[in-house]
């Protein structure tokens, strides 16, 4: 299985973990949703992230999910989230999934990091813990982690930790950060791949500024792949037209905490998974929300037809 | 001047504070932008909020701005932000602006509040400090304040602090909170006015769930007033069509920290203020951002024409 | 093995995890330090806490450490820290250690808890996850967790979650909280055991206010057991004399982050463990610190002699 | 009035602001406590800090307090805390107090600073705002501000902002930081004065590592001045003997939030101020606390007699 490199491009969908209504992992749906993502144009998958309900999985389940998805994905790359409060757990899961054929490991900043030198030292430690040669995706997500990574410290990490091959970019606002990274590369710094998160809510602008694509989720992942494809090809108007048609729902799915239930509702409605259930302690969608989502989907379909 | 009540409805625009390119308050532009907001349909204004660059004003300037805006607004209500780390400063500014004819004072939670009983006690203290009869707008904005206000503690504040007549609702996600407040009112709790913030990014859904309007800013405030008017009248489809046309720019202006410069750029371009300058330490818009904003405005105009 | 109850009293020492200089778990030293703690008068032990370097252990190591300590402790109670970002991991480790004969599980608040209702719901979920009948020690440590637990929500947890039998009290300042809990019990609320943390830096006052003892660590654990014994017997002057003699070093060990290396240095010097090494990424004590610790120990010995 | 320089040494006591029982500023007590501090050996005073209840003062009161203390202090230096959420307020109060004859301005980090470059830029902005030549005391107090200042960024501030002449050092743990600053100076970096806070709880070690004294408060400020004098003269044993005698009360006063009421109780008991009252919303000491404080003072007196 090829490893992730700093030339990676396209869309790596953050995969949901399907559960039955009683909270068991739904293995059939897991296969089905993997196929669904690739059918919609995904270049790779990212599993065991925050939107994959990773903290609700036991360690044994995490490994089983990783193994199943990696096998199903075949020769297409699978990145595995291995963030944990301690390095030992990161090393344990990271080594296990790399042995299974993962393309790389995604790691974010624990909330205990307080200063730039600590952030810098942390990724060096993570790289040593995972072992040389394991590609690392640095997830930069201050809204959730509480840790802000300045352009400056990010540059030092790129300089000093060659294992960091990709930035999962979800600082917000973050457009200026993409521009600065690409400028520094033009002046000689090592290139890294930049895939954007945040549900794709700035995707057209991000690609125009030099991002290589998206690493995020959405109930209609074909939006992500179509927009990245069109924008990368320079067809910004068509990319933005498509994007705008989906934006009301993108926005709606971007509600922290509440968004995952919406995403699973959409995926279940589309047949990609059998049940929209979150594992406890997640609650089902209240009827007001269902009505709002249905209305947004109906309007979206109408608008997409107008565009064709 | 009439005081704010729990029946307040419509759009209270969060007003910018215009500066000259050298950082002085631009009094002519301040008059002009007040007129602009009312021309576009505003029911009231809110000044000295975060997006009004209040922390960059001296105390003398804050009072002068309040006095000027209140006079210019005439018989239309002006809410004044008086949040401060200490109660003394809140009382000092609050009493001054009420004497000038403000309709009420907006107060948010200082970051020092750690528990629900502390949040509850705080608003009782604020009410005592401002003096009985001064209407309070409770700004619920955890993304910026770091303080989360549960439905439960909000209910207790409504029960115990009659001076709190309005919720500036910008919890995110917050749709469920609106529904819960309105349900509790249906079961007997005192009604409060709910005006929504967050740049209006969920405005159609918020009004549909029972919000009374918006208290936020946007470079095209006519979107806020039109959507609230249409949605309040039950014309949800037309409201959402309009909203969707503006959404790409709404989203763009919603970038924390970066958004105010965009908003002032738009207001200056439209002639509502003379200069887009932020007072130091704010930076001017980089050229990439200008290009993105111009492109979004051009697309917005095109889409609005299609809708007519 | 008897389970922890709300009548638990005395000193449960937070045990260190000994490592060799090359970072392997030192099993002989683990046995030795367990014996050392009980020789110094400990009533029980608490393992896999923050000061036990739990986040640096793999899951397999965590279980092996728990098994070894529980076996060595024989019929004396061992509480196991099972805090984790997700409920699944809590349930997985918690069930495993209860099967090994642990007396109970210690759980603290994840940083994601934002409001009192969320804190309350969390401990109900933890109790359900661990299964009825598993005694829970609620660790109340806002300095590290960032989550403040008001007296009010603590009372509601005591009312609604009978599995919570003990408070590991390390709110700071927290003396008033002990008084309030005991007052509420006098008025009819269910009693819980209160053992105090924070290195024992307020131990005499805490016991005088109704705490049942200590659950914390210190290089000289005999101070903890002697002070609790004397203070519980009402000999406050002798308790405080002893306490004061150790206080300069207690204070020194209380430095967040830096204190554990000091504690291990003292334990190694006293022969309780073979090496003072922290597992990576912990650094060895710098020479200035060693000199300060040695000086404090020499002064402490002199002062203790004066008292005898 | 001479300005603060990087050679400043000794003890600058953080002064309380005395109130009457009904919450008015007690001007006579203010004079009296100023005299009291200097009688006990203070080299200077620091006013309008967190322990001076600055956020409870109106702007007019803040200025009046500063004027009164500066006049009373005569030719002895007075540092004034001017921290505020915005630069405008910092500049406004800072310029006013420098005109009154203050020796310098103390500024801490607002919680909005997220990265090292932002912290660095902030102090440059503060220096520009206050105007060249106004000496700045950088208060490094992460426990309260939530902002951690790494050695590295502190070094860059020292390099680039010559107005920063003093560090009010209350990082915790912070002994290593003092050692690093002094090492960097030995290798050529500009010297700054380091006065330590945190109630003096590490004062002997801090002076031994190169701190120039203390900037903090305590009900018995003679402890601070005696310990700094003895330790600076190299008489570490006598310094530590004295320190240890006061340590149980130092520790007790160090309770965040609760400590100020204890300090004012002690000062009122000693006749330095007329009333121990905090301005609202501060509560009076509960009887349990009074009993604990009285007991600690009685033991302290006994121990001090033994030492003489």
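All chains are identified by letter, namely A, B, C and D, in their written order; residue positions are counted from 1 within each chain.
Throughout what follows, contacts are C-beta pairs under 8 Å (C-beta built on N, C-alpha and C of every residue); 3 or more make two chains touch, one makes a residue touch a chain.
As the structure is a prediction and not an experimental result, all values here were calculated from the model.
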(message) Quick check on the contact network: minimum steps from chain B to chain D?
(response) 1
(message) Contact counts by the stated rule: is the higher one at A-C or A-B?
(response) A-B
(message) Given that chain C and chain D are copies of one sequence and touch, is their interface built from the same residue numbers on both sides (over half shared) or different ones?
(response) same
(request) Would you kindly say which chain has the C-alpha centre located farthest from the C-alpha centre of chain D? (result) A
(message) Based only on mean CA positions, could you tell me how far chain B sits from chain C in angstrom?
(response) 47
(request) Could you grab the centroid distance between chain A and chain B? Build each centroid from C-alpha atoms only and quote it in angstrom. (result) 33
(message) Taking the mean of the C-alpha atoms as each chain's centre, how many Å separate chain A from chain C?
(response) 38
(request) At least two other chains touched by the same residue of chain D: list those residues. (result) none
(request) Select the category (line, ring, star, complete, other) that matches the graph of chains linked by touching. (result) complete
(request) Could you please specify the touching residues of chain B with respect to chain D in the complex? (result) 54-61, 84-89, 91-92, 111, 121, 125, 146, 280-281
(request) Spell out the part of chain A that touches chain B in their complex, as residue ranges. (result) 143, 172-173, 175-176, 179, 201-202, 205, 208-209, 240, 243-244, 247-248, 251-252, 255-259, 286, 288-289, 292, 299, 303
(message) Looking at the complex, which residues from chain B come into contact with chain C?
(response) 114-118, 142, 148-153
